[in-house]
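So the structure is just underneath, and the comments pick up after that.
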Amino acid sequence: MAMTDSGTDFRTRMQNWLPKIVLAPSFAIMVIFVYGFIAFTIYLSFTGSRMLPTFDLVGWQNYERLFRVRQWDTAVVNLAIFASLYIVISTIIGLMLAIFLDQKIRGEGALRPIFLYPMALSFIVTGTAWKWMLDPAIGLEATFRMWGWESFTFDWIKDSDMAIYTIVIAAVWQSSGFVMAMFLAGLRGIDNEILKAAQMDGASNVQMYRRIILPQLRPAFLSAFVILSHLAIKSYDLVVAMTDGGPGTSTWMPAVFMYEYTFTRNQMGIGAASAVIMLMTVAAIMVPYLYAELREKK
Amino acid sequence: MRMMKITGAALVLMSSTAIVHADNVEVLHWWTSGGEAAALNVLKGDLEGQGVGWTDMPVAGGGGSDAMTVLRARVTAGDPPTAVQMLGFSIQDWAAEGALANLNGLAEEQGWADVVPAALQQFSTFEGNWVSAPVNVHSTNWVWANSAIMAELGLEQPGSWDEFVAAMEAAEAAGYTALAHGGQAWQDATIFDSMVMGVGGPDFYQAAMVDLDPEALGSEQMVEAFQRMETLRGFVDDNFSGRDWNLASAMVANGEALFQIMGDWAKGEFIAAGQTAGEEFQCFRVPGTEGTVTFNSDQFAMFNVTDDASMASQMAMASAVMSPEFQVAFNTVKGSVPARTDISDAEFDACGQLGMAQLADAAANGGLFGSMAHGHANNPSVQNAMYDVITAHFNGEFDAATAAEEMVTAVELAM
Amino acid sequence: MAVASNENAMRTSRVTRVLIYVTLLVFSLFYLLPLGIMLINSLKPLSEITGGGMIALPQQWTIEPWLSAWSSAQIGVEPTGLRPYFMNSIAMAVPAVIISTVIGALNGYVLTKWHFRGATIVFGLLLFSCFIPFQIVLIPMARILGILEIAGTTYGLILVHVVYGIGFSTLYFRNYYAAFPTELVRAAQIDGAGFFQIFWRIMLPSSGPIIAVCCIWQFTNIWNDFLFGASFASGGAAPMTVALNNLVNSSTGVREYNVHFAGAIMAAAPTLLVYIVAGRYFVRGLMAGSVKG
Amino acid sequence: MGFLDINNVTKSYGAVEVLHRVDIEVEEGEFLVLVGPSGCGKSTLLNMIAGLESITGGEISIKDRVMNGVHPSKRNIAMVFQSYALYPNMSVAQNITFGLEMHGTPKPERDQALKEVGALLQIDHLLDRKPGQLSGGQRQRVAMGRALVRNPDVFLFDEPLSNLDAKLRVDMRTEIKKLHQKLKTTIVYVTHDQIEAMTLSTRIAVMFNGYVQQLGTPKEIYDTPENVFVATFMGSPAMNVVPAKVEMVDGLPHARIARADGDDALLAFAQENMAEWAGKNILLGIRPEAITDPESADRASNSIAAMSNRVGVTEPAGADTFVTMILGGKDVIARMRADTTVAAGEMFDFAVNMEKAVAFDPQTEARIKP
């Protein structure tokens, strides 16, 4: 609704400027606090900063070191395992629960908040609770053994090779209810007449979901994917609270790596380099999505 | 004219708030649990008695790493706290940044140089200037043992590595957990310190852990230290990974486990369980490290403050920290020993008195070394690089020989 | 924004329905278990926990841990309990949620109803900001808070949360308002309503569901934040999460797990309450447009 | 100068011109309908009059005041939207008086105006309800009430009836017409429905592809369409347009058209200047009601041609029966009396009223004027 004519009266001109004025602070904030800081981090990654930022450029040295550090490989591999499992399992469970809840279930009003509430907890609380639950000495394993199932063993959290999967369990617990809410919203938004038509066409329930309903949930799938992948890449609190990166460094993730190197190990330059790699990964996922999303909406 | 007045009023207001601030010390620390926080409260009371207010800034977690992050944010913001609880090399790093105040006047007046062991002064001074006030010395090469189990199995305090292993084998055979341990990087490293000291002695410890000599790091002795770690690994229970140290202490106190290798803060757990040093539990040096003390020392590093009033209250705080009364009051609670060696041990229990005597002895004979595990042997990047190798090895990712090699590369990368 | 009726055209057999109910029950157990364990253990004396038996019911019920966590546990040098920090969190979260929601609503309004050249790019920039790892902003942010002289204060924390909350709140409102009939805005323009009058009189009164979604989301994120709270507002202005961490994570002291659990539940209580009370609006709000994004 | 003057107005989005040099003068009290298929530019033009879209070139003035760049609320116009655009959070009364409130009209006057409009539109009993509680027809009335209450110089209607069901649409159409006759205000009305255009308007602008194809009274548009588009767009069923060749028979121009069985029919033109097109191909437009059974042929016409052809399909529609046949290779519809006895597949003698026939240039599709 932009009006560019000359001779426009004051009020109209004002109304033309207002939207931009209103958006300007947000824009300025983003430029400084997000993109300025990103630029600063990129700059830092080329400096020899250790405890505090310094401004001596050292070229690609930090990146070279980063890729020689064993923990970085661990962190990247862990992120790959964690992100793919977390996203896939949360989506499957979320979708399943949403479909089940959509079958005119008695007590839906009580079940929904039960599924949803973990999202309300901070990762610190979630991590602590699961750490206790999965601890073989006092948690599930001990309980089952106490109840007489002597051979029951579930000690993944103590096992370097399996510990990352316990983090997947806790993360899925936290987010799958939220995914369920998104799918449920999507399901409830589908026009019932289409379903009736499909029934007349003789589609079975399974066919109906596979052929008619799921394709229509594409936006919910996309939203879930974006939210879950951003949680996965940012996952820090949960790891710290649950395993503190252990056993050993077997559950490190890039965000943990970055924090450790920047703030605990006084290697700010390498920390910044890892942050830049993380940002580039996020951008590689997000930019195509945003591009498609924003073009479509025009 | 009106402008002038308003500006004038604003100035008065600003300076008055500045004065209010000046009478306060803002203290960043991670002593938040019951006993130690209560001990700190002694210091607070002392200062308030002198008209110096206390602004508390506790940040717990990660052995102070979260607190260090906060500190960095505060310094970057141009608003550092007055005093910060700090460990070892962090003090040197901050001093190198020029962020710390000069306490020389007070130190000279009170003769700190004469009463604080030289090994501690390495950390409290930077380029010859006092920058922090040491609160305590924790020694980290202690073994904590359950007296009842020892009596049951007819064990004496072991005097050598072999006796130590034999004692653990006996405990294991009797169905006890031989060694209570928590699989966290810093706990693994705490044990490792003692193994290095025990295998190679003080000179080797100095070469490998402090001077970071690649030859020492990759030497046969280092391989042997790692082999001892493997031996110990055989004596811990299956469920050790990620366990907090205090739960490991509880295992010894409850009679589930025979030994724990841990710093002197573990004593607090036994006392909290209603036990007494020398009776229900006992303490001795890790076999092979007798005569040496690996330590870490909590200190209050004093940050640069600008105005006179703030400096005055900062000095008051430094003075209070170094006062014998506080050193006694704090350390009896904390389990550690005073940073001053001229204090009476009357108030301390058996382990405390032993610790004080051994500290004075080691300080006199050059047996006092900063603990690598607690950031008193080298800077944090090297320290954590070592952690990575030690923990990975302890969790079975490398054999001892590979671990020694990894140690060399990890340290090189971190420098 | 007509919502399709709840009626589902599908018919399911009896066996299937039983299976569905069983699955749902199993999952609700899975979701409830951790909270249940925290609750049980917060009502036990410490000796019962350290003596093993995390999952067993208390032999001796006690609310002592709760009282202690609330008003007498040692957080710093003084045994204040979590109470003062709870208030800090309220003082931080409420303004931050309100401000970021208002800004998000205005942004969404401008981006959908007053589209101008370059607006899409601005939105893209805003959206991408949701996805940066927050660790990277700590140091530069600290510097800026220092320059503004609000380092270490609740105001500083509010600013930080508003800044990094704008992305999501704008996303929510933009997607919601995209489905809001533009004709209403045109009608109001002809009626003589100005930019802000249209927003205030026409848009806002119809934004109930999305305001609920946005507030729930922001409140949860801000309340649960630890990183910013610890870095920018330790000491007197520390929020609940930082205090909880001080309570739970003290490194070399005796650990009172029952008090920790009580504290953890307390820290989670406001967000839990919000989800339980307003959860249905959340789903409804998501339905009303935000999942379309 | 007209009351509402659209003078050489163009509209471009970037490099794309979507509205080309529109020139319409609307007199006071006139009911102008902008009609055309979707995407023809009619709504854009309406929005430009309203001030909701900027004017790229030319001028729009109301009462001799140039409106370019004037804020919508300062133009003294009112608009009724397709979706009615009732504010969902306000009651009917608030909806109606919102504009007055925004213009600073004091409360007593607003109440008075509300009362009058409520009575006029018979919605007094709905004033406290919310739009969500109203039926489609009621919402339509409220939307009109909101426009009326402002007492504007020009009313703008943007497809106001398209969301109503067929029956209600006819009723509301009549109502709008009555209202116009009573209030004598100037109205610009956008629709894609040619029946609404014909019934309501005093003048129609038929638009297509951003051009005004023809501007005229309903009768002009119907009887003398300027081109094939206007001819086929207006009227239902649409005008039959078939290819034909002009031949001189007995010195008079005739149209030669292929019949269903392959041989040709010859129809004498009433339009004399068709002689100039002798030997050339044209497009001949004949409205369905101009092809009848001989008994119902227009008595007033001086030029009824007889044509026999094979009947394709018959569709009795109550008042009339529509008959489809092949003519000039195309389906052509004829409109017969209801009780005509005609059967599919048989030959039948049709009467063609050539006075109502129009000829088009096949190249330009423009009408060949008499």
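As written, the chain order gives the labels A, B, C and D, with residue 1 at the start of each chain.
In this text, a contact is a pair of C-beta atoms (placed from the backbone, for glycine too) under 8 Å apart; a residue touches a chain by one contact, two chains touch by 3 or more.
Every value quoted in this text rests on a predicted model; they were computed, and no experiment measured them.
Student: Chains in contact with chain B and with chain C: which ones?
Tutor: Chains in contact with chain B as well as chain C: A.
Student: Using mean Cα positions as chain centres, tell me which chain lies farthest from chain C.
Tutor: D
Student: Where's the contact count highest, between which chains?
Tutor: A-C
Student: Rounded to a whole Å, what is the gap between the Cα centroids of chain A and chain B?
Tutor: A distance of 37 Å separates the two centres.
Student: Roughly how far is chain B from chain D, centre to centre by C-alpha average, rounded to an integer in Å?
Tutor: 91
Student: Indicate the whole-number Å distance between the mean C-alpha point of chain A and the mean C-alpha point of chain D.
Tutor: So the centre of chain A lies 56 Å away from the centre of chain D.
Student: Can you pull out the residues of chain B that are in contact with at least two other chains?
Tutor: 62, 69, 72, 76
Student: Counting only residues that touch at least 2 other chains, which ones in chain D make the list?
Tutor: Within chain D, the residues that touch at least two other chains are 51-52, 71.
Student: Counting only residues that touch at least two other chains, what does the list for chain C look like?
Tutor: Only 138-139, 141, 245, 248 qualify.
Student: Contact residues on chain C for chain A in the complex?
Tutor: Interface residues on the chain C side: 3-12, 17, 20-21, 23-24, 27-28, 30-35, 37-38, 52-56, 103, 106-107, 110-111, 114-117, 119-120, 122-141, 144, 163-164, 166-167, 170, 178, 194-196, 220, 223-227, 241, 244-245, 248, 260, 264, 267-268, 271-272, 274-276, 279-280, 282-284, 286-287, 290-293.
Student: For the complex, give me every residue of chain A touching chain C.
Tutor: 1-2, 11, 15, 18-20, 22-23, 25-27, 29-38, 40-41, 52-53, 93, 96-97, 100-105, 109, 111-126, 128-130, 132-133, 135, 137-140, 142-143, 146, 173, 177, 181-182, 184-186, 188-192, 195-196, 199, 205, 208, 219-220, 223, 230, 233-234, 236-237, 255, 258-259, 262-263, 268, 272, 275, 278-279, 282-283, 286-287, 290-291, 293-294, 297-298
Student: For chain D, which residues are in contact with chain C within the complex?
Tutor: That would be residues 47, 50-52, 71-73, 77-79, 81-83, 85-90, 98-99, 102-103, 146, 150 of chain D.
Student: Can you tell me which positions in chain C touch chain D when the two form their complex?
Tutor: Contacts found on chain C: 181, 183-184, 186-193, 197, 201-202, 205-206.
Student: Touching residues of chain C toward chain B in the complex: what are they?
Tutor: So the residues of chain C touching chain B come out as 50-51, 74-79, 138-139, 141-143, 145-147, 151-152, 230-232, 234-236, 242, 245-256.
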